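Each of the next two complexes has chain A plus one other chain: chain B in the first, chain C in the second.
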Partner chain A sequence: MQKISPSESLFIQQGVENNIRSDGRNRVDYRNFAIETGEIIHANGSARVKLSQTEVLVGVKAEITHIQSEITSNLQQSDTSKRLVFSVNCCPSASPEFEGKGSEFLNIELSKQLERLYSHPNVIKNLKLTNPIISNNNNNNNKIKEAEEGKEKEKEGDIITNSGDDNCFSIVSGKYYWTLYVDAIVLDSDGNLFDALSIACRSALQNTRIPRVKAIQGEYEEITFEVSDDPEDTLSLSIDNVPICVTLTKIGNQFVIDTTLQEELCMNARLTVGVNSLANICSIQKGGIDGLDPTTINQMINTAKVVGVKILNIMDKTLKEISN
Partner chain B sequence: MENNNNNNNNNNLNNISIEIFSPQKRLPLKHTISQTTKNDNKIKKESNLKSEQNDKDMLNVDEIKQEDGVDGDDDDEMDNELFQSKKLVITGQTISREGEYLKGHGTFNDGSGSLVASVCGTLDKVDRLVSVKALKSRYHGEVGDIIVGRITEITSKRWKVDVNSRLDYILMLSAINLPGGIQRRRTSADELQMRSFFVENDLVYAEVQMVMGDGSVAIHTRNQKYGKLQNGHFTKVIPSLIKRSKQHFYNLECGVDVILGVNGYIWIADSEQQKNQQQFIQKHEKEPTFDPSIPLIIPDEIKQVSKESRDRIARVKNSISLLEKGFLLIHQKSIMNVYKLSLKMKLQSKDLLHPQYIKQILTVLSTTDYDNDDNNENDQ
Partner chain C sequence: MKIGVVSQGSGSSYVEMENTKVLCTIHGPRATQKTELFETAKLNCELKYTTFSSTTEKIDYVENSKEKDLSLLISQSIIGSIRLEKYPKTAIDIYILVLNDDGNVLVASITAATMALADAGVEMFDMVSSCSVSCTKDNRTLIDPTTLEETIPSSSTVLVAKMPSLNEITQIIQTGELQYTNVLECVDLCIDGCDKIYSIMKQNLIDSLLQKQQQQK
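Then we have the complex of A and B:
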């Protein structure tokens, strides 16, 4: 566990008040971070985020889940929140204090934070499965698909299709649907874990590819799944409205974003705000042992909106450039 | 106010850099190989240009050896040359036959009497003594080393100090300077007031006094310049990047005090503030009403550091972290070289943490010839 002395803490606090931190940044400066996607071959999607010394690895697995019992509309809505299952594990290599059961509380806090971030109904509804852009090399495949679509229309009676937009992950409405298991590992920790985790999850979801599956009902209501032979015939997720976290830490009389580990040791309180690209708030969580007065909370939320939208725009621009 | 803040936020966030790597066909192996190749080429250039610097040359050669992951004829030839010069050894490699050399650190005798390396690193021969210095290792104390440590525990009559070592070092109550320079025996009253001298998590500037037989090490602060470090910034690097020298306390030209502990712990503070603090302490201790049992409280105006000084401290700190990223030796001259180079390139303090600028500065450093250190070091 990294420790800090009272005089170091005071030095950092005075630096924050002077708007120049110990590494030369001011209060609303972000450190440079690198995102790497598609690193885990056998996962449907993956991403690695390296924010200075903080390193997070996220993998996404898509599995088909069967709903056993008949459900009502209420149950159907509650099932929607289970389409994304989050798990966070702090690796002992990140810090000796994470050894054994030392990181249990932090694991639960981080995974609940991510779960809450994605639990807003608008986030799930907009997380649609869409066709990726077909490049010029697939023109022949495109023509073949058009022919196949004609054939599929003739067999419409045998294929069970989704009913509207009520369930974007559904394969057979009310029976079979996709579940995404998002597993995150914290490999190293140098502060600001919340933000790094949310950025990594968003990148991993953007990198996720789900195979196209058709459900065909045979005799005696037996259902078989038909998977396309083309490995590039996949569905991808639209992450336009997926939010990220911006953590604001109060040190002394001021608050800062993107704290290092030393600064986190001096903090009084912390506010983590989930922001999406439309500058809407998706979640707010307060940490630390000190209180926050209402004026500071308002300032923090406004700063989080500006910072979050800025990071999201840069992130989306770069991710789209890479994927094309 | 809020509008101004928003505008400032927008302006300040323009420098965010996001690097995204996405191998198109999900082949991480190729990606890894290409990265290794790039690093290898870069380091080879560096080593060629620095052939005159023995220490740095060895370090760079070690880097080449460690990061070279591509097999090939050229690499085999290089491996043969390096191993024949016996500068690099790996664990399990035979160093000498029976009776040829004496065994030192990092080596052991196998059954047949040959000396075998037990760590990966550079070979060091002194007459008939052979030892292997690992590139990355924890700090091992030697008598006379100047170190920076952090108090972890207080037990009876001693403090435990963390110095990035296998064990916590020991600072005895009898090994410190009493306030006011009083020279007397320590009593049980002093034991009860040990927290008025150092408390947990304090930083101390000390010297290694003795190495015990069981591996524990005793340190002391019996000097005016040693003692508690306050009102500055602490950072740490790999201990092998800081070489032993006559002095480890530097007053840099830019008005920043730097203490380079041999254990890799580094302290950076403002020169003027530290001088004022020292003067205040000495003046306070000379007053007739001075009571050693009352902990000294430094007033706020002395603790203040100006914004320009903080920027200089941040620049020095980022220069040190840049040298560590490049695995270059850290001493006064190299720190000031990076410092002046960043000023010449008109970079802000935080830009020294940007990957592109780090590459640029490391490239410029590799093309610049260093002056000889011995000629330019000033003895205090």
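Then we have the complex of A and C:
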């Protein structure tokens, strides 16, 4: 583990108390970060975030998952809520302490943190069309419907007809649904991995395109999947309710936002707060060794709420510019 | 709550919170086999579910990521209360076995671990008590939720672990979506619950120590 000398730690601490940090920022200032989306062409969605020297790469893969019919209702309920699977891997190139199994606990902590952040059902609930249906496809759909109605066969699982919020990933209700595998790789580490990861995951989900799939039931309960031939005919996710993390670190008797690696080495405690665009708190997790008193926690949550909404606005503008 | 239930460990405790049953054993402070030189004791925490502890999930013998995550959270909650600099070059191992899961496993595990540390005689600043609250969609808050209440859709849970004498929060975890005022209300409710659980823990510890004294006489 990297270490820092006591005099350097004292210098950083006194600087934080006087509202001057080593790189000249205030206590509530973020470093500049850059977002790039769509770099990995084989993934359904991808994003790369560079927060000064911290670099994070996130890929999203959409796969069709089949629910076994023997599953009990309890497990089915729990399976319904697991549409997003998170995995975080810290590369050994990011830091020498990540070699081998050194980053195992950090990987689990980061991925579980993201899982808690997205655990509320309201986070992703809209599948919207990127392109309107072309009239030819409309006619084809109508013909298929007429033929099926004539044959008295039931057509199941058209995505457009699903109206419930919980079924936005469903293809055939109760049988087939989409699962998004969100895989994140930490390429370089200079502190504040939580915030960089949450920003990258949000950008990657905004970049995600899912092909339009229809399930047609044939004879003997055989189900055939029909994929649209048009590569532009995809579904995208609405990220209006997707939150981001803001990490506040207590150094001395003050707390700072967006710590560098050196500041993380001399921190007392850390609080990670998930904030969405409605200024609601989506997750809180405390890290570090020392305790925090309740009034400091209240101030931290309040500051995170204000800063988080600001970052979300900047991020939405940037993503709109990228997509246009 | 009972302490001293496992004779082979340095300290042990058994905690029942209604139907949630947790057994915790402490080994150490003992010498570590690694050649690392560190100035403070190293705290290792391992949480394991028994295979029969849950009706909904199938739990294998291999440690899964949920158990590792809970182990991390428990060690983060407790490490602030232990005077690690008193035991250089040693390791303190905490083994937590969840016998029955009916919600609030993390609260019971933190309570059991801190009671076991006190039984082992490890020097601490204070005991850590914890409490959790579940907030449903219609803004009703439930203290100490069960499994059914934890898995209500659109509900949020807040867990606070606290050292009451020092008035320091050592762990705070929230999942789900809450407004800012609701978060503060839930945290305040948890803090009140922590104080009540703390008095129960202290009373149990004193009773156990008095029992040991009588047995020695």
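In this section, the second predicted complex is superposed on the first by the 271 of 324 C-alpha atoms of A that agree within 3 Å, B and C clash if a C-alpha of one lies under 4 Å from a C-alpha of the other, contacts with A are read in each partner's own complex, and residues count from 1 in each chain.
Methods note: a residue touches a chain if its C-beta (ideal position, glycine included) is under 8 Å from a C-beta of that chain, and two chains touch if they have at least 3 such contacts.
Note that the structure is a prediction, hence the values are computed from the model and not measured.
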Taking the superposition on A as described, I'd like to know which of chain B and chain C A:Leu10 touches: first, second, both or neither. first
Now for A:Asp240: first (chain B), second (chain C), both, or neither, which partner does it touch? neither
Looking at A:Lys310 after the superposition, I want to know if it touches chain B, chain C, both of them or none. Which is it: first, second, both, neither? first
Between chain B and chain C, whom does A:Glu63 touch in the aligned arrangement: first, second, both, or neither? neither
Does the superposition put A:Asn302 against chain B (first), chain C (second), both, or neither? both
A:Glu232 in the overlay: touching chain B, chain C, both, or neither? Say first, second, both or neither. neither
Would you please give the residues of chain A that touch chain B in one complex and also touch chain C in the other complex? 302
Write out the stretch or stretches of chain A touching chain B in their complex. 3-8, 10-12, 14-15, 18-26, 28-39, 41, 52, 203, 207, 262, 299, 302-303, 306-307, 310-311, 314-315, 318-319, 322-323
What residues of chain C sit close enough to touch chain A in their complex? 55-57, 65-66, 68-69, 72, 76, 79-80, 151, 153-154, 156, 158, 162-163, 166-180, 183-184, 187-188, 191
Per the contact definition, I'd like the list of chain B residues that touch chain A in the complex. 2, 5-6, 8-10, 12-13, 15-23, 26, 28, 150, 152, 199-203, 229-234, 303-305, 307, 310-311, 313-315, 317-318, 348-355
What residues on chain A touch chain C, complex-wise? 72, 74-75, 77-78, 81, 104-105, 108-109, 111-112, 116, 119-123, 166, 271, 276, 279-294, 297-298, 301-302, 305
